[in-house]
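Next up: some structures, all given as structure tokens.
Heads up, the next two complexes both have chain A, just with different partners, chain B and then chain C.
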Partner chain A sequence: MKGQAIDRFAATLPAETRASVYQSTKATHEKRTRLLFDQFADPDRLRALAGEIKQHAIENLDTYLPQAEARLRANGAQVHWAGTAEAACAHVLRIMRDRGATKMVKAKTMVSEEIELADYLGRHGIEALETDLGEFIIQIDHDHPSHIVRPIIHKNRREIATSFEREGLGAYNDDPATITRRARHHLRHKYLAADVGLTGANFLSAESGRIALVTNEGNSRFSVAATRCHIVLVGIEKIVPRDRDLGLLLNLLGRSATAQDLTVYTEFISGPRDPAQPDGPEEMHVIFVDNGRTEVLAGECREILRCIRCGACLNVCPIYRQASGHAYRSVYPGPVGAVLSPLLLKENFPQKADLPKASSLCGACHEVCPVNIPIPDLLLRLRARAKEENVPSPGTPPMGPWALLASQPTAWRAALVAGRALNVLPTRLIPVPALQAWTASRELPGWRGGEFRRWLKARRRPAPPAR
Partner chain B sequence: MTDDRESILSRVRGALAPLHERAPLPAYDSEIAVLRSLLAGRDLAELLAERMRRVNGLALTSPAAVVAHLRAGGHRHGYCDPALWPELAPHFADGFTVETRFDRTRVDEYAFGITRAAGAIAESGTIILKDRTTSSRLGALAPWVHIAVVSRADIFGDVTQAVAALGEDRNVVWCTGPSKTADVEGILIEGVHGPGEQIALIVP
Partner chain C sequence: MLNRERTPLTGRRVQLMATCLCDAFYDDVAAATVEVLEHAGVEVAFPEGQTCCGQPAFNGGDWPASRRVVRHTVRTFAGEDPVVVPSGSCAAMLFHGAVLEFEREPDAPAVEALGRRTWELADYLVNGLGVRAWPGRYPARVALHRSCHSRGSDSVAAALTLLRSIAGLEVVEFGEPEQCCGFGGTFAVTFPHLSGAMGQLKLDHVRAAAPDVYVSADMSCLMHLGGLAAREGRPIRTLHLSQVLRDALRGGEAKP
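Showing the complex of A and B:
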């Protein structure tokens, strides 16, 4: 099949997967909207404000990063800086080796996916076990997450039950409660046996050095209750100026991601455990990860660095709902991924320059974004960049003939009349590939060319005198 | 091993240098996201109980009610903060085994854990745990039932107040209802890694 890569992928998606992705994204989006508009007189005002705060933060990273670093150090944490994915992985490995550690439990962190940490550690003889239920299932299946917040949105209970059986986690049983109980039992012994707990960070407050971390399952909490060493991977864009800004952003994150006032576990961690506390890390390492973010900051799409990874833009996106997450070939799918993934590739941008075209520019992503990122504008900027850099664009119909027609009034008028032929000719006989691709799965609407011109002409006539 | 601190910061400065002006930090009222109409004129302990129910948590007001709840659920073996135990012990009659040291090698044996909460947030139905007031992170997390003992005076109205009171503690956790997931086909299941039942015992 011809067309863009994302279309080709979407065409192969099983109908059942498509239906479940569609239904659950739609349900989450509707719940989110009801909650926000029930609770707040003007949720859009909150989104705009949160966006301004994050924009300020990323435009002042040169102040805030050293400030957060100093606070973390003062609290007894160690801070490391990693320019690339490889550097971040190497930091983690060195920290583990210094402790003679061989086992890690991982709470969901998108950055660790981005830098492919688990594979790296595996090659160096270290087991890095995912603990989020969805991520755990992804790991045992050697699969990839397909949603920022709901990693296994593309799987059904029967597939999961089969995987559990294969892994020796009990006889086949596809009851979700049983699946969850089995994971609970299996994973708690893994936490207790692990040397190191690795987490991400949803926010980092420059004022206090506090890392704010949210999970519903409590897996990050268990990771830092059971292990003696805590490693945090934090993208440098996660910074916010003050603790009070955390209040606003946390209020928006839970509601936007899962329609909850607050995510179940909201942790604020600014150093190793208190001396009086028997459980938890005596050592804390925070790794500031760049991996392409400074390039994004230097470019004209820096607004995307405001993103708080809530997944709301995925849930509302008509393309994501049809194509699911793997279609984006990236850790970050959906509208946010269509902007961020090509940018993070730096000079390899052309490899994913098709993603910004996977959008109807309907604007829904911008409307729901809790930090008010103008995603459609960013997509257009990236399309323009691809054009400027002469990135080939297979599947895009040539616009030359159309431009010619549209710039010549006589030719345009003639075309409007000639178009009526479409109402009688079978479309498969018309040798325009774009038209055939379109009509492969839909009907062409009846031709109504020229109606607007007639309407406009009629309006120009003087109004009849009033009676 | 080299550290990339200087190169990252210099790239950041280079990226920001061309900006004519940087986005200002907007001034705003911290209360902007507070659910005022919910809080107006309400007793905070009552509101906490109501909001906890909304997230499938439970607020109780007497040790006897806690004991009855544990008995009804068949939860007979648990952990309790040693500082709380002298006061609670008389309410736990025969048939309960309560330890005041959490032994991680027997993690599966504890059906409940009782620890002190540093506070609560009425608006969201949240319990606040801090390292300095929690006797054991695991004791509050691993058992199926967690009972957090909250003093009435420590209940905040809203999230904003609770953020302002984060204080010096290096580890603060807000727990809003039981541990949960909707990973499998979007179906809500409670008790994934943490407690399947989150209870607040509100004391004077």
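Showing the complex of A and C:
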């Protein structure tokens, strides 16, 4: 097959899927923009400030991570460090086995997708049930999320109703309220039967050790309320210096992610149950996951670690809207994924070096990013890296001959004249792949090379204007 | 670097960077740019050695090739005079892209200096020279294309200021103006399906607004959109902003 994988994927995406992705992302993006600009005098200044806070945090992890660890321990939590995905999974398994636990309820966390935790636990005889409705549907379908915030953006309710019927969750019914009610009923019993609740953390304050968790379904609260042990999986870049930073970041996260002032549930958890409290988990484990992040931090694209996983860049991205999330072959799709996913592969970067190419560099992602990540600049840096590492890139025109021409004015002017051949030769006979690709769907304007220069010379210039 | 971190203007003499696209395809756009600048009382020099801003290789990831072209451009546009470009994209290449790819090069200061005196045409007229109203008359409904390289710059606002000031001209809005048209340089040929699909969306929005002419500060986007529309057999009329400004001085749309 010729061409770029993402282009091919987009070309074969069912029209129905594309339509639902497009409508849903467009609606969220437009509502997000209205909210931010109606409610704040200068939302772009807020984005810049949030970006500075996160940039400061990731550049000072050597200060903030030990501080967070000390606070968490003082709060009664246990802290674990995982350099790799395998190590993070192993920590979770060991904690489960130490308690003789076999059942976990899981809130939505992207880092658990990244380390493929549910599969790992399944292979070791532990049931890890997704409790977020979207992730639950992904799990019963053995599918993958296609959006950071809305994992099932690529599915319609008829497909979901079919899946529910297949899983014995009632006769076919594609009414969203019914689907939700059935899932809720099914999951309520699972919370009560589970030994361990696992969540992520949207933010972790180094000052207090407090984690901030946002959801709209309350499932993370159930996961933590009904179980005796709470495991938190958190990427090391989720740290913020102070509790007061959360005010700004939570304000931006809800609006950027789902166009809400604030999500329905916002939880702050700083440790296990205090003896004075009537219930709550008696144990809390916080697992800090690196899995390639320190390498990213050491490189030229470290700004991507500011990301707060809101998905706004996916929603606005014209490529994501056309191609949908699975085109990116990664846990993290869209513009942020096109930077982060190849980087997290470390030395296997070439496997996903095509992702940064799948962008018109339009900059819409940068414009909406709540932490002001210059995503187009990072995509460009990764393109340069791919070229340096000689990763093949199907369809990318070779630039060497052009650069030679464009740095020699005499040759350039000669080429301008010679280009007139384009006006007489049928383009299909000219063996330049880029020209063929252009004219496959577009007309080429007539070649007028050198005409402007002739006009300028022939023209009698008017007298210079009076100063 | 943003286009706002700029060397203050002193004289009324500029160097025109015509762009490789106008050099090869759109000579009338470059000519209109000269006439518009001269009407604004600006003396226009055209360095003969100019070729291209270096963006194709920069976007394609071949930074050594791009730097070679940028170095040539820096030499060609030597001196202190501002460089005016009838393209938001080439201007952004010089004040942002080139700066990025020269971060670790010894001649980065020269590249930055060129960036600081590079202006997109509308930005130069409105924010450089202080032009607030454009004379003449242009009786037409005009839709303005927001080229992506103008994001975060003052170019779109400047173009709208100029267009709205022209007698008889009505600026019409259309859906999702902030969405990319799918040109994207080499993206257009490397991802032909995505590029075409994005272009179709843009064309749908523009056609729904039914302007007499679709105007842009960048010919590259128009070459893509106009090319798609023509291939469909449903051409749209496209013009560069400089052509509208020049034709306004002549009392309206030039008759072909």
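In this text, the second predicted complex is superposed on the first by the 394 of 467 C-alpha atoms of A that agree within 3 Å, B and C clash if a C-alpha of one lies under 4 Å from a C-alpha of the other, contacts with A are read in each partner's own complex, and residues count from 1 in each chain.
Keep this in mind: contacts are C-beta pairs under 8 Å (C-beta built on N, C-alpha and C of every residue); 3 or more make two chains touch, one makes a residue touch a chain.
Owing to the predicted nature of the structure, the values given are computational and were not obtained by experimental measurement.
Put simply, more of the residues of chain A are touched by B, taking chain B and chain C as the two choices.
Legend: residue contacts after superposition of the two complexes on their common chain; A:400 is shown touching chain C, with no touch to chain B.
Applying the stated contact rule after C-alpha superposition, one finds that A:357 touches chain C and leaves chain B untouched. Of the two partner chains placed by the overlay, only chain C lies in contact with A:451; chain B stays clear of it.
By the document's definition of touching, of the two partners only chain C reaches A:377; chain B does not. By the touch criterion defined above, A:226 lies against chain B but remains apart from chain C after alignment on the C-alpha atoms of chain A. Shared interface residues of chain A, touching chain B in one complex and chain C in the other, do not exist. Residues 20, 24, 27, 39-40, 45-46, 49, 52-53, 55-56, 59-62, 65-66, 75-76, 80-84, 87, 90-91, 94, 131-134, 137, 150-152, 156-157, 160, 176-177, 179-181, 183-185, 187-189, 191-192, 208, 210, 216-219, 221-222, 224-226, 236, 241, 243-244, 246-248, 250-252, 258, 260-274, 276-280, 288, 290, 294-295, 297-298, 302 of chain A are the ones touching chain B in the complex. Of all the residues in chain A, the ones that touch chain C in their complex are 3-4, 6-8, 10-11, 26, 316, 318-319, 322-323, 357-364, 366-367, 377, 380-381, 383-387, 393-397, 399-400, 402-407, 409, 412, 416, 419, 433-434, 437-438, 440-453, 455-456, 462, 464-465, 467. The residues of chain C lying in touch with chain A in their complex are 12, 18, 20, 22-27, 30-31, 34, 38, 41-43, 46, 48-52, 54, 56-63, 65-66, 68-69, 71-72, 76, 97, 100-101, 148-149, 151-152, 176, 178-180, 182-198, 201, 223-224, 226-228, 230-231. Chain B contributes residues 1, 3-5, 7-9, 11-16, 19, 22-26, 28, 30, 32-33, 35, 55, 102, 104, 107-108, 123-126, 131-132, 134-139, 141-142, 159-160, 162-164, 166, 169-187, 189, 191-195 to its touches with chain A in the complex.
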